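Pasting the structures here.
The following pair of complexes shares a single chain, subunit A, combined with subunit B in the former and subunit C in the latter.
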Partner chain A sequence: MNGYGGHILRVNLTTGQVKKEPTPADLARDYLGGRGFGIYFLLKEVPKGADPLGPENKLIISSGPLSGLLVAGGGKCDWTCKAPLTGGYASASMGGHFTAELKYAGLDSIILEGISPKPVYLFIDDDKIELRDASEYWGKGSMTVEKMMKDKFGEEFQCAVIGPAGENMVSFAHINHDFGRQAGRGGVGAVMGSKKVKAIVVRGTKSVPVADLEAYRKAGMALYKACKDAEGLKEWTRYGTTIVTSWCNEVGALPTRNFSAGSFEGAQGIYGQTMREKIVVTDKGCFGCPCPCGKYSKTKKYNSYVEGPEYETIGLLGSNVGIDDIEAVAQANLLCDEMGIDTISAGNVIAWAMECYEKGIFTKQDTGGIELKFGNADAVFKMIEMITKKEGLGALLADGVKKASQEIGKGTEKFAIHVKGMEQSAYQTHNATAMLLAYMTCDVGAHHNRAWAITYDIQVGREKVVPEKVARVIWLQHFRPMFDVLGACRLQWVELGIDRDLYVPLLEAITGIHRTWEDIEKVGERIWNLTRLYWARENADFGRAWDMPAPRFYEDPPKTGVTKGQYTKLEDVNKLLDMYYEQRGWDSNGLPKPETLQKLGIPQELVA
Partner chain B sequence: MRLYVDSSRCSGCNACRVACSLSVFGENNPKKASLVIEPHFPAPGVYKVRVCTQCGDCAAVCPTEAIKQDAQGAYYVEFSECNLCEACVPECPEEVMFVRPELADTAWKCTACGDCVAVCGTSALWLGEKEAVAA
Partner chain C sequence: MPAIFRLSGSLKDVVGGKDEYVVEAGHTVREQLLALGIVPETVAMVSVNGAMETKDYVIQDGDTVRVLAVVGGG
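Here is the complex of A and B:
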């Protein structure tokens, strides 16, 4: 099938059976790939009420029709499952080279099912597919294992590996690849750990067919040319995502000391410019990317190498825990990667624990003698280790900030910064109503990448609560995640500002099917509604209350910084939701109306 | 004409290798590319790229004279004349002369077409005249 590897690989870990099935043509037509395949299989095959860490949950790993081809940034891989962190939908997007390798091995998706009786890794070398004993790797760090596997099998093999946190089923464990790229959010690494799969190793040597070779080469080359001609290429390549750190600090969007403020007095020490000068050694790109945002760094203080830190990590493991030293942030990043936990959730939940400590809710007795104050980098390093091992206070934090705050009580829920149980990523939203709404309604919890609306807030007036903002969020939620469906990166469009219509002839030349962006966004809307239905199916009380942000953003304005005294009133939070539900065709409790589902052509088999 | 590389600018993205396999074989398959990127991670965190210098050592040993020179001075393999003997492979000082019978029924190498240069976003690759060889 043009543009596709052509097969779905099912791996039954309970029985050890591996089986390849042809990728259904109608699945590719209606859901395209990536996140689309993920939600389709999740709804269809994982039974209602499945334990996220039990044998019924499945880990669905998918490339897309743009992956592995002559497409700027065609290196995105989607990891979908029921989320141990939230009990709802998880879809984590991973860059690097893994997704391209899947295609060359003739695969569009891998579906991990059941639970293996012993630790294994999945070995794929074209058509040679085996589950192999992983006892020599179990217990080791994710990058240590990746290096062992590269040494054993060679550089042509791509590896996705969990760390000890995944093995211990920490609820925000991630999956590591290419020494610093991750499927990061929602606990996908815990699901892989629950199945006792330490790693997936893949090499493919097959060619991926396309519908019209010459048109494809021409359209692919045009996309690369547009990226190379873009004005922002040089600065973007130099700083990557860290380019926004200084801007966020200036506009009061940099999460500081558990989101209590949006500007950080020590921000200069963690700016992208500081990082570039002090620690960056190499620009590191994902597959096919002409504008590599990955920065590979070497710290002097810790004598360590790490990919990153990215902006989100700087926000959460820097200013949000009060650290102003980029080397310390990089070291915390490295520890998270090696142990296998998401830096965003880790920085968020540690900051919550720090606030609890500074308020006297936790004492040294609770922390095991650690002075858990904002700014203490050694305390952060230690907490990462304790979370990984579920040791002492780490056991509480390993469940995520929602559950931890519910267990502790004492008003700590009010400064537990999450939506639906997922820790909020690195944008302060006291006074940025579109971004606040984006977090509230994001399909996995408080994650930024579905609708990065904060620049729109600044553009149109950050405190405004108007239908235009809601419409913008909805449009972004349809359009941006479609890149995760297509298996490519959105940053060429977002950061370099290339014309998105360049993708239209490219996708057509690859798949042989003409689609406009309007067509593609319709698929995005269908997927968005399906993910909503999944949340409702899995949680009997799912509805409006699940979309509420952390009370801090409507009750507890910053006492310092450029957004001092600013917040969003609770009535405006509710107004945002009212407008959002109405524009989406959902009822006042935030559930899709039957006519909306009908209009979107959602098949009954998926919603029954 | 030959290909030049500054490895310190390479970000390891492999766009060049996709473009190369398309140019040489008309296929999406970087395993059939004519240049090599060696990642060295986690330490020291650099990429080393190997490209053809168009030195012609491969052509000099080819028993069937399948490796020919074009008007710009670049050597290319005439696929129909290659007998997969592999004589060229050990002669290549950059290890970018390829024979992998499981992938292709011919040897292959860089033709200095420049498609890799066109997609390289970090300007790590460029085409230039071959350096003058000292007498």
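Here is the complex of A and C:
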């Protein structure tokens, strides 16, 4: 099948059986790949009510039709499962080189099922596929293990590894790859840990068939040329995502001290420019990327190397915990990567605990003697370790900020910054209504990946609650995640402004199927509605209340910074949801109407 | 000699797709952005002849000004 590896690998960890199945042509036609495959298998195969950390949950790892080919940024891999963090849908996108090797081994997806009786790793070398004993790796850090595996098998093998946090099933454990790229959010690492799978190691040497080789070469080169010629390539490559830090501070979007403000007095110390001058050693890109945004850094203070930090980590493990030292942020980043926890959730739960401490809700007795104040970098390092080991206060925080705040009570739920149980990524949304809506309605929880709309807010008026903003968010939610379906990076389009129409002939040359962007976005809309159905299937009370943001954004305005005193009124929050549901064809409780599902051609077998 | 004013990334979408303008000297970058209908706060970085500048930089004859859109998250 053109554009595909051609097989799904099913790994039953309970029995140790591995089995390859042909990738169904209609699956590729209707869901394309990546998170499209993920939600299809999740709905179809994981039974209702499955324990996210039990044998019935499945971890579905998928490349897409653009992965591993002559596509600028064709290095994305999707990891889907039922999320231990939220009890709903998880889909984490990972860059690097893993997805290319997967495809060269002839695989479009790996589905991990059941639970292994002992720690194992999955070894794939083309058609040689084995579950192997992982006892020598269990308990070790993710990058330590990746280095061991690279030394043992060779550089050309690509590894995706969990750290001790994944083994301990921390609810926001991630999966690490290429010494600093992650499938980060929702607890996909905990699911891998629950299955006792320490790592997946893969090498492939096969060809991927394409429909029209000459058209493919031309369209692929056109996309590369557009990236190379793009205005802004030089700055983007120099700073990567950290280019946004100073801007966020200037416009009041930089999360500061548990999202209590949007500007940070110590921001200069964590700006992208500061980072580049002080710690960046070199640039680092994913598979086939002509505009590498990854930064490899070395700290003097801690004498350590780390990939990053990215903006999200700077926001959450910098300003949001009151740290103004880029070296300390980089060190916290390194600890999270090695231990195997998501930096975004970690920065949120630690900031929440710091606020609890400063308000006297936690004492030193609760923290194990740690002075858990904003700005204390050593306390952050210690909390990362305690979360990983589920020790003391770390055991509470390891469940995520929603559950932790529900357990503590005392009004702490009001400053637990999450949607649907997923901690919010690094954009302050007191007065950015489109971005607030994007977080409220994101299909995994409060994550920016699906729709990012702050500049749109600023361009049309931050506080405005108008149908145009809602339409913009919906369009972004269909369009942006399609990169995670196709198996390619969206940043070439987002950051460099590459003409999206360049992807259309490329996809057609690869698959041999003509599609317009409207066709592709229709798949995006179908997937979006399916993820909604999944949430509703798994949670009896799912509906409007699950889309509400943290109360901080509608009743606790910033007391400092450029957004001082600004917030979104509760009535406007509800108005946003009303307009959103109506435009989507959902009912007033936020559930898709039957006619909407029918219009989208969603098969009955997935709805039941 | 006029100056060249270039827009990157999503900024060009705000103005309907055109990414390069010939502009007169004497205005600040901020003023030029407003004249094009772009809210200056949506701009992340200004580069003039290869060097970083602020939005208050006054455009000179012969300058090549490049303004970069804000990125959309990693």
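Everything below uses one rule, namely that the second predicted complex is superposed on the first by the 608 of 608 C-alpha atoms of A that agree within 3 Å, B and C clash if a C-alpha of one lies under 4 Å from a C-alpha of the other, contacts with A are read in each partner's own complex, and residues count from 1 in each chain.
What we mean here is this: contacts are C-beta pairs under 8 Å (C-beta built on N, C-alpha and C of every residue); 3 or more make two chains touch, one makes a residue touch a chain.
Since the model is a prediction, treat every value here as computed from it, not as a measurement.
Chemist: Between subunit B (first) and subunit C (second), which does A:427 come into contact with in this model arrangement: first, second, both, or neither?
Modeler: A:427 sits against subunit C, while subunit B stays out of touch.
Chemist: After lining up the shared chain so the two structures overlap, which partner does A:449 touch, if you call subunit B first and subunit C second: first, second, both or neither?
Modeler: Once the two structures are laid over each other on A, A:449 reaches subunit C alone.
Chemist: In the superposed arrangement, does A:139 touch subunit B (first), subunit C (second), both or neither?
Modeler: neither
Chemist: Of the partners subunit B and subunit C, which touch A:205 in the superposed model: first, second, both, neither?
Modeler: First partner only, subunit B.
Chemist: Looking at the overlay, what does A:296 touch: subunit B (first), subunit C (second), both, or neither?
Modeler: The first partner, subunit B, only.
Chemist: Using the superposition on chain A described above, determine whether A:368 touches subunit B (first), subunit C (second), both, or neither.
Modeler: In the superposed model, A:368 contacts neither subunit B nor subunit C.
Chemist: Per the contact definition in the header, classify A:557: touching subunit B only (first), subunit C only (second), both, or neither.
Modeler: After superposing on A, A:557 lies clear of both subunit B and subunit C.
Chemist: Can you name the residues of subunit A that touch subunit B in the complex?
Modeler: Per the stated touch rule, the residues are 68-70, 72, 75, 97, 100, 104, 143, 147, 155-156, 178-179, 204-210, 213, 217, 220-221, 224-225, 227-228, 233, 237, 281-292, 294, 296-298, 305.
Chemist: Contact residues on subunit B for subunit A in the complex?
Modeler: 9, 11-15, 18-19, 21-22, 25-32, 38-39, 41-47, 102-103, 115, 118-122
Chemist: Considering the complex alone, what residue numbers of subunit C touch subunit A?
Modeler: 6-14, 19, 38-39, 41-45, 47, 52, 66, 68-74
Chemist: Using the touch rule from the top, collect the residues of subunit A that touch subunit C in their complex.
Modeler: 230-232, 235-236, 240-241, 243-244, 246-247, 250-251, 273, 293, 310-312, 425-427, 448-449, 452, 454-455, 458-459, 490-491, 494-497
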